[in-house]
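Each of the next two complexes has chain A plus one more chain, namely chain B in the first and chain C in the second.
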Partner chain A sequence: MPDGKLFGQPAIRIDGRAKVTGRARYPSDEVVANPAWAFLVTSAIARGRIRGFDLQEARAVPGLLDILTHDNVGGEAEKPQPMSGGSTTPTLESDQICHDGQIIGIVVAESFEAAREAAHKVRVDYEVQQASASFDSPGAEEEVREAGEHKDYQVGDAEAAFAAAEVTIDARYGTPTQHHNAIELFTTTCEWRDGKLTVYEPSQFVYGLRGSLAKQLRMEPGDIHVVSRFVGGAFGSKGGITARTAWIAIAARRLNRPVKLVPTRDQGFTIATYRAETRHHIQLGATPDGKLTSFRHEGWEVTSRPSQYNVSGTETTARIYACPNILTKVNLVHADRNTPGFMRAPPDTPYMFPLESAMDELAAALNMDPIELRRINDTQTDPATGKPYSSRCLMRCYDEGAARFGWQRRDARPGTMRDGEWLVGWGCATAAYPANIGPAAARVTLSPEGRARVQIAAHDIGTGAYTVVAITAADRLGLELGQVVVEMGDTDLPAAGLAAGSSHTAGISHAVAKACEGIRARLAEAAVLSNDGPMAGLDPASLVLSAGMLRGPAGQSEEIQKALGRAASGVLEVYAENLPKGVPPDAMGKIYQGQMAMSRGHGREDAITYAFGAQFVEVRVHARTREVRVPRAVGAFASGTIVNPLTAHSQYMGGMIWGIGAALHEATEIDPREARYVNDNIAEYLIPVNSDVRSIEVIMVPEEDSQVNPLGIKGIGEVGIVGMNAAIANAVWHATGRRVRELPIRMEHLL
Partner chain B sequence: MRPFAYEQAGDSSAALRMTANRGASAQYLAGGTNLLDLMKIGVAKPVALVDIGPLRADHASISVDADGLHLGALVRMAEAAEHPDVLRDYPVIAQSLQLAASQQLRNMATLGGNVLQRTRCNYFRDPSWHACNKRDPGTGCAAMDGVNRRLAVLGTSAHCIAHYPGDFANALAALGAEVTLLSPEGTTRRILFEELHRLPGDTPHQETNLHPGELILGFHVPAGPWTRRSLYLKIRDRESYDFAQASAAVALAVVDGTIQQARIGLGGVATKPWRSHAAEAVLQGQRLDEALAHAAAEAAFRDAVTHGENAFKPELGRRTLMRALLQAATMEIQPNA
Partner chain C sequence: MATDIMLTVNGGQHRLAVDVRTTLLDALRERLDLTGSKKGCDLGQCGACTVLMDGRRVLSCLTLAVAAQGAEVTTIEGLAGEHDPLHPMQQAFLEQDAYQCGYCTPGQIISAIACVKEGHANSADEIREYMSGNLCRCAAYPKIVAAVQQAKPLMKGR
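Let's look at the complex of A and B:
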């Protein structure tokens, strides 16, 4: 547990002013000399091949510079390597079309407008084949997901226990396709200089982007420089490289001129990833006093034809409650779709919805309070592996959340809490998310003015990572926040891993803390060796940095500038790498090569590490017209050390707001015959607006955990969304007596 | 970017002249919030835009007199929505505008442009879909068996089930408003607002009975003992900034508990701004209660035709109308002056 004074103190974002004044340079704002503009041509069919293009009209557009298709550049790049799931669909490598909106051409012109006009004039002669849209579509191929990236759990005999159980729940659930729709689009700018390439692109993993791009373009990673100083929202969508980057690099090489791409909102639905639709079959068996005796969870997930991408949230649901008999299974359904990918709490958001709905159904069947049912089945040991949780404060979250929410005033009978024309319902659900952590490196430089510069190729995707780094460094070096400058998002800096899986704060603060410890140690060693100073002869380990001073155990002190003068003639620079427990020894090297390396909360030898939360929601359903509104929600979370409560609050709150959208509004609609997205814009893809978001209360339950990692950080970016789907569905049941098992919940389900 | 000419008309006769000179595919540009959108996505392809913004000088007034409410075509949505006389005497009009779009859009958009906004059918709004009889006559209808949750159940045809998405127009239709039109020849005519829009039939691309180049100058909502007891109820997936899944414009003249006259409009469920004479007839001369409201709602949706995803809409529409009627009956109002 950190002892510093800045950890846990609310701090406003150090980059906030730059963002609100427009000085923050997002990748497409980076200035390049005389750029040409690219516009994507995407397929209007989901499956088939391109017989040919008619480019005559497009070429006639004034200002046109180049048109890239598989005919002229197909052999120049390999497909990108997704972060997960193996292979993905092609783009310009061949004449094949494997999903709606696939990139099939790139038009480059003197202006954005000319490129767009020419792109609209590209005529494509398609050979159309019947496409499969989703589950149940003719031609969709189902297979069992084998153990690999994800695995299944079998404990005891769940089938027999279910058959023998006195109380059972047996139900099927579904979640829809969803798209991240970050405000910042999927931009790419490429510039070549002397055979070296610079890429400006919003990314959650600049080294990963560099590594994949190098392979795709058959280059040395060292010849590629990726810059992503600010990211305008990502939520997983900017985690893995997409196909566009290599083609924009090739376009720039062909023209010998920088090329800038700003795709459209609707193209964002098909050129990047999304959360695929899922289906679930849950079977719970219990004793009449509420003890679980059997848990079965089978999931189905849609993916593209070549990809094995799946999220397998059964890795979380199998270990939430004590249960002697567990069986999980996951199936993939391949359809003619783009490859899905990470989206906020990728496994847990879709898979906890059925589990936490089923628990609510079980509580109703047992005539038991839903919180009591969780308490009866709470555990400090993971039932799937028998390992202990490093810490688990789920019931404290329930107790604090319930008190704030006023849960004891709930009338358990559905449909009884009415307010005039509105049916009122209260629901709750468990949130859980693994505490993951990745390796990272950082360089800290202390200058003679007593200021620090921290360099780390970490990513601020809007979460407040710049501020976390500054807090850590200031805390460790005994400086003010304003005395720390942070540089991030650039492959010229020491490497950090993927900003995903709620792992980034933990990963980068340990690296920064380690580099700062290096600074302290160097200052301390010089101080104790120097005969004329106040610390002469002391144990260097006993010296600390605080409030601008190097301090000894008996109150000796010396200004940090002075201490620096003893240790270095100019600046003092320390580079440090942090390899967290649970990653292989070569993990740091892997990050530098752009591969993913992460210690997962359910993958460690010694313990299972998870953040937990309890979420409470009030819904109002109009008695006649049945629209659903959420006047208030309370979330209580225990996620270990909170580095910055201000930005942590925003993360939790943002997760909960997104949960309202996920449960009630969001769904990408797919034409069932043509396997094409229909509502690919944010006028028709609904997300909550201000008036849908009323009272959102966040409680941070204090939790100390020195086993999860030395600083006790579990990560908070995702857990806030996880319980919302079920909490809302459970509240809707409580309001109306209707159990809706398909998201989003809409008025037609309740009429 | 498709090239197009842009001209600004100083007054209505200049507007007519400019449009006539430019031929069939010239279009008036008012707030531009619908037209420019459709141009950007490649659905509207006018060769020329005639900006009628300056017509605000003559056609942007709001007045209420014994004859009724007069609204110029260039009045902005926000202006009418917030006007005290409209709020007092024609709450259904004010509410239909307040509950539409967003404040930013309401500050830009005009009443003339509002009534002519086009359907939100996604297949119509994306030319990469081949089949759309409204966009390209004779190509078929992709929505009929496709994604059609938002589309219409009243006034549909075998060729098109696109919904009319607006709100204000349903209130106009309900209240028996008239619209004043200026023809390219310079003559004005007044028609019942209900007759401005056409049913899709087998020509869904012809949405209105406007003559080529005809300009909307304004609207007249006749006064009546029902206008103060009126409201607009809009049911939607989210609380704001969303089109109606179903809406009801109702206005009732009630004397001693008996409905003397009822005016009913429906939105989100029909192919054009919809007045339900059938529901009005059920209410006429009766005392409103749950059963009567139900009977009126049944009458309003008797001819509904659904297509898959929108199967819930008649029921939602009925409930919306019932809720609106029962709410209107309990309104506390000052009797009409």
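Let's look at the complex of A and C:
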């Protein structure tokens, strides 16, 4: 647990003023001189090849500058390597079409309007093949996912235990295709100067983008500069490298002029990633007093033809409850679709829905309170591996959440809590998310005025990372928050990893704290060697920085500016790298090369590290129309140290509202014959709007965990959504007696 | 098809030649370097591009630049100079943490000011309803409602 005073104090975002005045420069806001405009041409079929283009009409558009297709630039770039899952679908490298909406051409013109007009005038002659849209489509190929990036678990004999169990649940569930739909579009601006490339693009991993581009364009990474100072929402969608960037770089090189791309919202559905639809088969066996005796979970996930991408949330579901017999398995189904990727709580959101629904079904079958069922099966040891949890406060979350929610007033019988026209239902579910952490480097510079500059290529995707970095530095250096300046989101800065997997706050604060410790140590060493100073001869390790002073154990003190003068004549600069437990020794080098390196909550030798939460939801289902509303939700979470409760609250709350969207609104509909997304805009892809949301209460259960990492930080960006799907489905069951096992839950399920 | 137009934005006059198809949003962002107004859809679906025209909130992505002539356009940059005190609505968004990524925020703030001035901020329910044209994918909604409630009494006479 950190000893600092600023850790855990609510702090207004240091970048807040820039955001509320419109002066924060997101990548498409960065100024470049005299840019040309790009517009993407995307395929109108999902499978086949391009016989040829007719570009005559497009070329006749006034202001047209260039048209890129596989014919003229196909050999100039390679496909990007996804962060996970191996290969991906092509774009301009060849005449092949592997999904609807694939980038097949790039039109560049003097203006956005001219580029758009010309793009719409590109005629494509396709050789069409029958496409497979999803599960059950003719031609979709199913395979068992081999153990590799993700594991399967087999403990005891789950089949025999299930057959012998006195109480069983055996059910199938499904979750839909979803798209992140951050409000910021997938913009890219590229500019060349003297053979060096600058890319302005919203990114969750600027070094990753640099490393991939270097390979794709066969360049030196050092000749590429990626800038992403602000990101207008990501949720996973800006973590992977997409194909567009390399082609825009090539377009800019061909014209010797900056090129700007602002793709349309519908193009965002197919040029980046998404959450694929999943299916699940769950079998639970239990004793009459509620002890689990068997847990089986088999999942199916859709991916593109070439990709092995999968999320395998069985890595979480296998270890939530004590159970002597466990069996998990995951299958992939390849269809003619773009490659899926990380989306907020990638494994856990789709996989915890079936587990936590099945637990509710089991509680009903046992005639037991659903919280009691979780208590009976709670564990401090991971049943899948036998390792201890570094900390696990699940039942404290349930107790505090239940008290706040008023759970004891719940009438367990479904359909009994009616309020006039509305059927009221209360449901709960467990949330869990691994405490991941990555390596990071940071540079801290202390100036003679007693101000600090922190430089780290970290990413603030809305999480409050700028402020987390400032809090850490101010706390460690004994400065005020306002005395710290933070620079992030730029490959000219020391590297940090992918801002994903709820790992970023933990990763970057340890790096910043380490660099600050370097500053303290240098100041302390100089102070004890200064014979004229108040700390001459003291043990340097005994000196601390606080409230603008370097202080000794017996009350000796000296202003930080003065202490700095003893250590350096100008500024004092310290660069530090932090390698967390559980990552290989070359992990920092990997980050600099743009590869992913992360210690995962279920991958460590010594312990399993997870954040937990208990989520409670009230739903109201209209007795006649079956409209579903969520008037209130309570989430209680134990995620170790909370660096900034103000922004942490926003993250938890945002996650919970995402959960309302996932359970009740969001689904990308797919035309089964054409393998095409139908509602590819933000009016028909339904996300929660202001009037969909009422009371959202967040409880941060205090938790100290020095084993997870020295600062005790577990990460919070994802755990807030994880239990919501099931909590809402369980509440809908409680309101109506209908068990809905397919998301999203809509009126038609309840008529 | 370029045409010369005159735009009045944040009190300043700007003469520029635009393609007649250019939206007010693109004119602001790409020609006047007023990048506070954001493009989230270009289809009138998200509200990120909301600006005031003669005090009324409009979607600048659905307004042609040529059609904005003669109107007083106010963007997020027009609410407070770089070193000035913030508008009460901006201050309330800051203090309530009524955002995360901040991309919808300029549109939310402009819309919230109009919501108060229209007289549509009399209850939390009314604010939710009249702020539902501004999507926030980070889902800061409850804090946006709180920010509007905080700023409303401070906006008297502005």
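Observations on the model:
One rule holds for everything that comes next: the second predicted complex is superposed on the first by the 751 of 751 C-alpha atoms of A that agree within 3 Å, B and C clash if a C-alpha of one lies under 4 Å from a C-alpha of the other, contacts with A are read in each partner's own complex, and residues count from 1 in each chain.
Please note the rule applied: a contact is a pair of C-beta atoms (placed from the backbone, for glycine too) under 8 Å apart; a residue touches a chain by one contact, two chains touch by 3 or more.
Small disclaimer: the values here were computed from a predicted structure and weren't measured.
In the superposed model, A:265 lies in contact with chain C only, and not with chain B.
In the superposition on chain A, A:25 makes contact with chain C only, while chain B stays out of contact range. Once the two complexes are laid over each other on the shared chain, residue contacts for A:689 go to chain B and to chain C alike.
Of the two partner chains placed around the shared chain by superposition, chain B is the only one that A:669 touches, whereas chain C remains out of contact.
Shared-chain residue A:147: touches no atom of chain B or chain C.
Using the contact criterion defined above for the overlaid structures, shared-chain residue A:33 touches neither chain B nor chain C, since it reaches no partner. Contact with both chain B and chain C is seen for A:113 once the two complexes are overlaid on the shared chain. Residue by residue along chain A, chain B and chain C are tallied for touches, and C comes out ahead.
The intersection of chain A residues touching chain B with those touching chain C, taken from the two complexes, comprises 113-114, 683, 688-692.
Per the touch definition, chain B reaches chain A in the complex via residues 1-2, 42, 120, 122-123, 126, 128-129, 142, 145-147, 149, 235-242, 245-246, 311-312, 315-316, 319-320, 322-323.
Contact residues of chain A toward chain C in the complex are 12-13, 15-26, 28-29, 31, 111-114, 180-185, 230-235, 262, 264-265, 461-464, 646-647, 649-651, 653-654, 657-658, 661, 681-683, 687-693, 695-696. Across the complex, chain A is touched by residues 19, 21-22, 26, 29-30, 33-43, 45-46, 48, 75-77, 79-80, 82, 86, 90-91, 93-95, 97, 99-106, 109, 125, 127-129, 131-132, 134-145 of chain C.
Residue ranges of chain A in contact with chain B, taken from their complex: 44, 113-114, 116-117, 120, 266, 421, 622, 624-627, 629, 664-665, 669-673, 676, 678-680, 683-684, 686, 688-692, 746-748, 751.
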